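These are the structures in question, set out in turn.
Look at the two complexes coming up: subunit A is in both, with subunit B in one and subunit C in the other.
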Partner chain A sequence: MGVTITPTMVGQVVISGLLAGALYSMVALGLALIYGVMRVINIAHGTLLMLGAYTTFWWFRLLGINPYLSLLVALPLMFFVGMLLQRTLVARVVDAPELSSLLLTFGISIALVNVAQLTFTSDVRSVEFLTGAFLVGPFAVSKSRLVAFAVAVAITAIAFWFLQKTKLGKAIRATSQSSEVAMVCGINVHRIHLYAFGIASALASAGGSLVAVMVAIQPEMGQVYTFKSFLVIVLGGAGNYPGALLGGMLLGLVEQLASLFLTTQLSEAVAYVLLVLVLLLRPTGLLGGRAT
Partner chain B sequence: MRWAVLAALAIGLLLLALYPLVATGYGIRFMLQLFMWVALAQSWNLISGLTGYVSFGHVAFFGTGAYAGAILVTTHGWHWGPASLAGGVAAVILALIIGYPCLRLKGPYFAIAMLGLNEVMRVLVSYFEGLTGGGSGLSLPTLHASGQIYYAMGAAALAVTGAAHLLITSRVGLRFMTIREDEIAAEAMGINTERYKLYAFLLSAFVPGVVGGFFARDQGYIEPISVFPLLTTITMIVMVLFGGKGTIWGPVLGAVTLFVFQELVWARFLYLHQIFFGAIIVFVVLLMPRGILGVLQERYRLPRTI
Partner chain C sequence: MFRKKHDRLTAGWVAVLAFVLGIETWVTPAAAQSPIKIGASLSLTGTYAALGQNQQRGYQLCAKQMNEKGGVLGRKIEFVLYDDQSQPATGVRLYEKLITSDKVDAIMGPYSSAITEAVANVNEKYKMPMVAPMASTTSIFKKGRKFAFMVQSPAEVYLEGLIDMAAKRGLKTVAIINEDTLFPKATVQGTVEIAKKKGLQVVFVEAYPKGNTDFSALMTKIRAANPDVLGAATYFDDAVAITRQMKELNVNPKMYGVTVGGDLPKFYELLGKNAEYVYGASQWEPELPYPGAKEFNESYKKEFPGADLSYHSAGGYGGCQALVEAIKRAGSLDGEKIREAVLKLDFNTVYGGFKVDQDGFQVSHKMVMFQWQEGKKVIVWPDELAAGKARFPAPPWNQR
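Our next item is the complex of A and B:
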């Protein structure tokens, strides 16, 4: 390539990678939760992220208030949207072969994306807020990405505290270990499914809100995030919640490193190569998950 | 009964073969696209309908075939016929690269790998500008071959429907369907599931590649967006689900119904059209999992192998 790579560049890449990775971890944790408790891969996960992004966009456009405050609205809103989806549609296919749930959530995703195309138009939109970067020594750190990192870490920490310490969180983990045993212990598994889908939707939409301030958004933005979230849970081991954190950070780093050596265009394909490689070499993920 | 069906089929094929003699240019193009959709839907049916492994990125094979065919025609001066067959081979090679790691695992791994594949192919095709013309696309030399492409597309649709018939009525097809019903049981019965899943996948990739080559020749110009659209995959899936997955005639029925409907009504309302597609998928999965043909089979006690 003829470009010398200096230690500063590597440092910059590591910083950017970790900043992006925290966001991936948070979003992927949502997908991991749904997969953990129901064995359903939610193809509409990225679509829910897109809805969160638009909530933030319209909040900022119409009210002109700090876009990060929209999280206070978007999270509860998407929590209920998620519960509604689970209650009306997804619950019917939880016990069906996985073909059904994959196709169902794919159908939901197509319908929602095109409702968004129709109502928001397919124009690329952006939230003009907190542009520019901090300069720390030789490194530049984008302000919006730094805030996104902080918020994502905070939300992920709360989610983990919730899973570890609260009764409901323990019930969710119990259900993901074994639905039958959880049921025998008196856990209302259907209610757990409902909460898990709600929480997952809220996590996805939080990702969307943060992304909306960082980059331009449009209705079809979600698919990439569905794919990346899935890659993250494959990396970490499907159904392994701490694995999702590790996987997210790793994906962030690998993507940024790749952009150092390859063009931005090609680095989009790196995540894909990574998925194929992990599936070939270590299909149960780095931390080991429940095998398929 | 059997002879009546065969005679009806033969007459139908004869009429379709003679149709270009009386058709207008629009009529030929309409039928040619209909054949293309039958071929694509039926190909998706081979992997997803028979083995139950959902491919969310089948258009990647279509696009790969289109590019391989178009490159051979423009830079190597091949005739579009063999070039399209080579496009099919290119699609099969791609399927082998993706299918080998992903089909060793169950369900969702394969589905999501396919979801990403299409994006990656689009990126790669845009990147290797020297070969593919990048974002500015690839123009094929002018040639009026609608009549020939009509027969070529028709042959592709017929071939893949014939393949579906051969599979569904044979032991190999039974192995595919056993994998769909219960993969562990299939393995316990001594079926090498890894190998048969890969066979089904390679089979299902070939015809979309060939048809992609025909499509490139027919359009005369291709670009990454025109041959790798997610909508094409969605359309294949909706057609098969609607008609009845895992059957011989379901994909044909679905393709004909939805394509005619699409041409007459929906082409003017792109987004509403796609919302409608999403709704069909949800509706069929929840309420009519075996599609229209499945409902008919149950009501009129038709044989499984139609």
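Our next item is the complex of A and C:
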């Protein structure tokens, strides 16, 4: 039992897909940054997103102020949390075999989720702030997802401007291309690692703050975003920053269109089939790896 | 003196050991005869801990009050309870122990369909009757087992109220969505049958994976199908997410109901005004006018101040009532005789009707349907138990 698919419906899910995709892109950019600069796959990326979501929740619950303003607190806060993690833990495994960094970030993830369970409890929370939709002709555009889209696009644009134009951004890209050469050129690579992890954490937490207004918040919510971000950076080319943008948008669209034409159940499978295909046909990702 | 200290130490270790093993027994003051032992394992820790503990309080209160009334067959009742840590395999081991080494006289069920399904093979083997209050999966009771008895309504009828109300209002089409796991799937099968019987056309059915958070495309399809009624076989997170995304994609059927999760106060807490007009299914609500229910609520609050009271507690109590009544009528602790007596029972417990068919499948207990109205759950179905009228149809989302 199903329904006949009309162009309007396709239009509707394309809108939903783009709205979701921008968010995926922004969050995955953080993961790509850490991988690009340090060759570390940060399993705790989604967990940092969860912390961002809780920051927004408590901000809204305790202060009752517009939850989007919590970005002003969550971003710097998580930037420092990220630097702290890098300084104390991740720095130790940067040049170690890949398994070490996987285990370490996996451990960080478990520890943070458990701390969140203990301090925030595993009760499901939500930020009831912006619900409902703008009705544009035959299309419904979710208010909270539209705002999330706009903010994600803005933050991603700033991140790109920063990477392209500023001295620090150029140093990050240089380290990402070759950390030895960067070091020879006088770039303090350890400091770059620190900033990269900080920025990546801030990007993840921005995702969390935006997601907090859309879905239910609980300590394990981050996991799925780790997987999705991983999918995105492999699709786009690991360590390739514009690739992360393309990958995010693609994932958003594929998920939604698969849910429409097939079933919601198969949409996740389709995303992973796509991952396998890309790995088989273009192992360096759609835009090729590491080119920045 | 040294000796005494040693004794105290030993006693201490025994207490610690008992605690570690999760043993909890009530030893009633020496009765003329030894007490009747009823065994059960419950999920006191692990995933189902909160719910299993509610059920445990139901058992405890039942035993206490039965004993105050003089027990049964002139003997006191004593529960032997263990913690199965929410694990079916542990449950199996514990029921084996209850029957063979603790030599209990009868048993009550554990929490959840999954654990009941596993342990039902154990009591069957020893021909020991088990009243299982917290299993609502039909298949458990339709496998030819003779000694397992169901207390609550099966998954298939969770949305019966929604469909019945829709049919009475002359609505024509229904869409059904569900989480793709055992229990919600059974609800969908049942609902499709009921809808056909009541003359409604099922225009859309689709499942979504467990843990799904994005329902946009699903909602787009439902909007296109434009049903009069939307039924969702849910747990909790998904019930909240679906309700939100219905608003986001402006899906507005005349009636919308969920199964599990919609009954929790948290549902309204999270959704606020957007929970208004949503229907939910419930096995039991404290205000239902079943015989003894009011007294049960009061004594529960007195016995366990501040503790959570839910249908799990009432179900535990009601199931225990049914078992004790059957023992009384059988006049014996013989498994076969108790079974005969259970099959003949047709009465009301604090939990509602109790009557099982020859397979032990519950046929008398009724689900109720409530609607969120101004922050309160108002029972609107069935008519004979309704406390208010359904607000129909649901207004557009921006007018709630």
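Of note:
Keep this in mind: the second predicted complex is superposed on the first by the 281 of 292 C-alpha atoms of A that agree within 3 Å, B and C clash if a C-alpha of one lies under 4 Å from a C-alpha of the other, contacts with A are read in each partner's own complex, and residues count from 1 in each chain.
As a convention for this text, a residue touches a chain if its C-beta (ideal position, glycine included) is under 8 Å from a C-beta of that chain, and two chains touch if they have at least 3 such contacts.
Computed from a predicted structure; not experimentally measured.
When the two complexes are overlaid on their common chain A, residue A:224 makes contact with subunit B and with subunit C alike. When the two structures are aligned on the shared chain, A:268 is found in touch with subunit B and with subunit C.
When the shared chain is aligned, no partner comes close enough to touch A:240: not subunit B, not subunit C. In the superposed model, A:175 lies in contact with neither subunit B nor subunit C. By the touch criterion stated above, A:283 is placed in contact with subunit B alone, subunit C being left untouched. After overlaying the two complexes on the shared chain, residue contacts for A:25 are found with neither subunit B nor subunit C.
In the superposition on chain A, contact of A:102 is made with subunit B only, not with subunit C.
In the overlay built on the shared chain, the residue A:86 is in contact with neither subunit B nor subunit C. Residue overlap on subunit A between the subunit B contacts of one complex and the subunit C contacts of the other covers 224, 263, 265, 268. Per the touch definition, subunit B reaches subunit A in the complex via residues 48, 52, 54, 56, 97-98, 100-102, 104-109, 111-113, 115-117, 119-120, 123-124, 126-127, 180, 230, 234, 237, 241, 271-272, 274-275, 277-282, 285-286, 289.
Touching subunit C in their complex are the following residues of subunit A: 1-6, 8-9, 12-13, 16, 20, 123-126, 128, 131-133, 135, 140, 142-145, 214-216, 218, 224, 255-257, 259-260, 263-265, 267-268.
Across the complex, subunit A meets subunit B through its residues 35, 41, 43, 89, 92-93, 97-100, 102-104, 106-115, 117-118, 223-224, 226-227, 230-231, 234, 263, 265-266, 268-269, 271-272, 275-276, 279-280, 283, 292. Those residues of subunit C that touch subunit A in the complex are listed here as 180, 202-209, 211-218, 220-221, 223-225, 236-237, 240-241, 244-245, 247-250, 266, 270-272, 274, 397-398.
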